[in-house]
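These are the structures, in structure tokens.
Across the two complexes that follow, subunit A remains constant while its partner is subunit B and subsequently subunit C.
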Partner chain A sequence: MRRVYVNEEWCLGCHLCEYYCAFAATNGTDMARALRDTKINARIKIEENDQISFAVSCRHCTEPYCVKGCLTGALTIADGIILIDREKCIGCYTCILSCPYGAISPSEDGAVQKCELCARTAGEAPMCVKGCPNEAIVFEERG
Partner chain B sequence: MRLVIIGNSAAGIGAVEGIRQTGSQDEIVIISGEPYHTYSRPLISYLLLGRTTEERMRYRPEDFYTKNRCELIFGTAAKVEPESKRLTLSDGRVVPYDKLLAAAGSVPFVPSFAGLGGVRKKFTFMSLEDARALEAALGPTSRVLVIGAGLIGLKCAEGIFHRAARMTVVDLAPNILSSILDAEGSEIVQGHLEDIGIVFRLGRSVASFEGYRAVLDSGESLEFDVLVLAVGVRPNTGLFKGIVKIDRGIVVNSRMETSRADIYAAGDCAQGTDVSSGQSKVIALLPNAYMQGECAGVNMAGGSAVFDKAMPMNAIGFFGLHIITAGNYNGEVYCEREGRNYKKLFYGQDRLNGYILIGDVEKAGIYTGLIRERTPLSTIDFGMICKRPGLMAFAREDRKVKLGRPSEVVETGDMGVY
Partner chain C sequence: MAVNYLYPEYEVARNYDRCIACRVCERQCANEVHEYLPDANKMTCDDSKCVNCHRCVSLCPTRALKIVRSGNTYKENANWSRKTIDELYKQAGTGGVLLSSMGNPEDYPVYFDKLLLNASQVTNPSIDPLREPMETTVFLGAKPQDIRRDNFGRLLTDIPPHLKLSMPVMFSAMSYGSISYNAHESLARASEALGIFYNTGEGGLHEDFYKYGKNTIVQVASGRFGVHKDYLNSGAAIEIKMGQGAKPGIGGHLPGHKIVGDVSRTRMIPEGSDAISPAPHHDIYSIEDLRQLVFSLKEASNYTKPVIVKIAAVHNVSAIASGIARSGADIVAIDGFRGGTGAAPTRIRDNVGIPVELALASVDKQLRDEGIRDNVSIVVGGGIRSSADVIKAVALGADCVYIGTAALMALGCHLCRSCHGGKCNWGIATQVPKLTKRLNPNIGFKRLVNLMTAWQHEIKEMMGGMGINSIESLKGNRLMLRGVGLNEKELEILGVKYAGE
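Our next item is the complex of A and B:
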């Protein structure tokens, strides 16, 4: 299965992946318009300090603690992609407690949010990958 | 082979998924004491709060049993005969088994208060039926008295607060949520709940009930209309007395095997090892129940699985204030507090033992991972991670592996099920 992988040495810390991720969630056609005056809360997040930056998003583990521990059954695996049913999620944050990557985060409406590899927007590669100007995030099959 | 599972909640469902994962075609029979499709027990408070519905609180989709080819029997297991490998239900039905899983959960513990028999409107808070009965008993003028300021008592209080005229919580312990918080943490949460309007009487017990009046050991008497008993739960092990080794719960190894061949146990009724402390414990929490059940299922079906990553861990929130805790609270302490944001890390011998987060809980799982994997703190930037959980604190090479390899071989995303 193809997944998002991070090449830390190429990351510029530009945060464009976060903007593209937030844009993907809007289903809009123009990024600037869709995100104007909004505080973005992306499902991929940059960690950075003075020297290093890299993006972190769901690893889509094959034995995911988040799915196994989910209280409601809102987190499921479909074709290797870990999906969140935001209607079913009650925002208990057991998945935030469980994820060793810190890749699941709270959202404004109470349910948690996470990367679903743009599965719902049916893109070729996820938007964060398409939007990365330096191939620091790639979408690949690595066995 | 016929694999029989006593229990239709997280551990039982985990077992079904574990069995089918192996490709096993074995017959599966689930004995459910409650006449319902599997539902998420912790959601009963959210149901009363109006945040979910009976339909949405189903733990698995409608077609779960058909898809997994399970026979679901509504009934109560009454007798296990391990020599003849027979299970008898309370209505006389006999269910033969080849392998049996005890996933019967826990039962509410109700102390024998003087005069309790005279209180008709009293409820425990463990099942959908409890929630429905409690809801039916509540009216806009109801004064509710909750005995027990633990996870169940306070979730119940939150769930029905908007339906009650007054809400008082009594607990013998001097602090609320004493099973998961230290004194300072519980003070923060208590302040939040008091601001909402919940009244506490802590370090107090009920001496007696005189009709709908509870007389406390302090002499104070509290009038109420509805009583919720949430003192605690006990592992539901009665069926297995004299059959398998029972301490506080049914003792299991890391394969979820009990002391008797072909009988497994998982979830609230089982007692296994806490990875954070090495102690043998009942860890009555849903994620643990699922993972133990899944492990038991794989092994019952002839596979080979180990689950040795269990630990106490809680994610819980009250009126918007989130709490995440894990592990044990021994060792040296790192503490930060700012308003209602509170962080405490407990560490020693180069390992993280446990943590408490209140308010800001983002990326808590990174701390959980350190406990779960027993990561030597000398291999990470501990000072950095104390301030802020992140992968930044790991060595570049470790991070490269975490973010750059296929997750099939990621240890930290692996349950230890091989």
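Our next item is the complex of A and C:
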């Protein structure tokens, strides 16, 4: 399965991936209109200090703690992609506590949010990958 | 506080209707032009720090930014341009020599733009490169003067060492130190993929890049930085740099703050020490001295590699080239006054040297007149911007061209001409780790390969149009050129007829 991988060697810490992620979630066509005067809450997040930076998003683990721990069955795996059913999520945050990567976060409406590999873009590279100026995030098959 | 005489040259024009305050401009500007105001959730900027490198413009995801010339104007004066006035104020304020980077940007004639190419019509058919084979391979080196046979009458085919290139373009000398590790890796990998050569410049060869040796030209310049036996033997050819088009007659100076880590080790000088290349080679004061160095290098490399001598295009260039052709060198490289640099005194860059088109035409003619044209191949650099320039240079007599600026532009350079500041936002002319990582060689080498592939297609198209199917048949074929807007003397030096003749 193709996944999002991070080449931290080339990450510039420009945070563009976060903005492309937030833009993808709005379903809009123009980033300026979609994100102006908003505070974004992206599903991918840059971790950084003075020396290094890299993007963190859901690893889509094959045996994920988050799915195992989900009380309501809101988190499921379909074709290797871990999806969230926002209707079923009760906001207990068990998944947030159990994710070893910190890749799940609360959203504004109470349900949790996570990277679903831009499931809507069907097969194409997710927006964060497309928006990365330095190939620091890639979408590829790695055994 | 002293009066500031200088008003910013550029303004950052931000379209607040499109700005989403993502701060990418702020994070990407090493000159700290942009600043985020948290209270207002708005971006602001200090135009005076902007060097117009377009890093923010290119990375802004909503196209909210552009850089414009600031409208501020002095009283108009045909004699005192804004640039002249600003430079005078700068010097009055600092007492220093003005520094500049990249090639001469002044309004001197560009002869390539006054030369037009021929195309076949009725009587000599043009060739379609998509249907017919088209040869762009060139060989650089001394050509045998006559046909030699052994005692049995068999042809002797041993010739002096040559470089074989898939197309008549090479990446010119840019040292590791003046440009980044990633820029060098991009050039090296692209050269390997394309079957051409890049040049180490006077900074030695990083140990990681010895594996690209068969596509590397190693340079020996007046400072001898990074030169040792393994280095000389690692490349496909050795270049002696006598001069550089951007700054003929003077040496080089890589400031100590760029001599860090691997750069210091590769140059074989202590960290933090200034790398000063003297203006002359202190062991070369004549063609005979040059001959000694040429043969020292040939001896050191066991006569297996061609030796290039690179000179700046200056007034007596054809006589100098004639001397070089007799010195035992295999290739002479001529660098025109548009050639780039990582740093040069502004007055030198903008006022010294001559156009490479004129230098090339006169060198080619002189060597042919003296019957020594086959002693050397001619490579020209300093002002080659497109495949059309390559074709015109070949038609004027060049065997091959060097491109430096054009190659860096493929890597992202926007010609802001601030290399000497060491804060290149594109990760090219800098050694700051946070900035050098901006040039990912996986992307860079592909862009270089793209550029050269595109040029090769265009070269084939133009050759086909002229009814020529091999680049060697175009070499020195000045009948394929016609001049426009040139006077009699210029036409005479270029050796071309006027359009319509």
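By definition in this document, the second predicted complex is superposed on the first by the 141 of 143 C-alpha atoms of A that agree within 3 Å, B and C clash if a C-alpha of one lies under 4 Å from a C-alpha of the other, contacts with A are read in each partner's own complex, and residues count from 1 in each chain.
The rule we apply is simple: a contact is a pair of C-beta atoms (placed from the backbone, for glycine too) under 8 Å apart; a residue touches a chain by one contact, two chains touch by 3 or more.
This is a predicted model, so every value here is computed, not measured.
Q: Following superposition onto subunit A, is the placement of subunit B relative to subunit C best described as a clash or a fit?
A: fit
Q: I want to verify one number. Taking the Cα centroids, what angle sits at subunit A between subunit B and subunit C, in steps of 10 degrees?
A: So the angle at the centre of subunit A is 150 degrees.
Q: For A:Ile90, using the defined touch cut-off, is the partner it touches subunit B, subunit C, both, or neither? Pick first, second, both or neither.
A: The answer is first: A:Ile90 touches subunit B but not subunit C.
Q: On subunit A, which partner's contacts cover more residues, subunit B's or subunit C's?
A: B
Q: Check whether A:Pro64 is in contact with subunit B, with subunit C, with both or with neither, and answer first, second, both or neither.
A: first
Q: Once the structures are superposed on A, label A:Ala119 by its partner contacts, choosing first (subunit B), second (subunit C), both or neither.
A: neither
Q: May I ask you to decide whether A:Gly73 touches subunit B, subunit C, both, or neither, giving the answer as first, second, both or neither?
A: Touch partner of A:Gly73: subunit B, not subunit C.
Q: Which partner does A:Gly131 reach: the first (subunit B), the second (subunit C), both, or neither?
A: Only subunit C is touched by A:Gly131; subunit B is not.
Q: Which of the two partners, first being subunit B and second being subunit C, lies in contact with A:His15: first, second, both, or neither?
A: second
Q: By the touch definition at the top of the document, which applies to A:Ser105: first (subunit B), second (subunit C), both, or neither?
A: Touch partner of A:Ser105: subunit B, not subunit C.
Q: Quick one: minimum Cα-Cα distance, subunit B versus subunit C, in the superposed arrangement, integer Å.
A: 16
Q: Shared contact residues on subunit A, subunit B side and subunit C side combined as an intersection?
A: none
Q: Mind listing the subunit A positions that touch subunit B in their complex?
A: My answer: residues 3, 5-8, 47-49, 52, 54, 56, 59-65, 68-69, 71-73, 87-88, 90-102, 104-106, 142-143.
Q: Can you name the residues of subunit C that touch subunit A in the complex?
A: It is residues 17-20, 22-24, 27-28, 41, 59, 61-64, 437-438, 440, 442-443 of subunit C that touch subunit A.
Q: Which of the residues in subunit B end up touching subunit A in this complex?
A: 14, 40, 42-43, 46, 51-52, 56-61, 286-287, 290-291, 294, 313-317, 322, 324, 326, 361-366, 368-369, 372-373, 389-392, 396, 399-400, 402-408, 410, 412-415, 417
Q: What residues of subunit A sit close enough to touch subunit C in their complex?
A: 9-10, 12-16, 19-20, 30-32, 35-38, 131, 133-136
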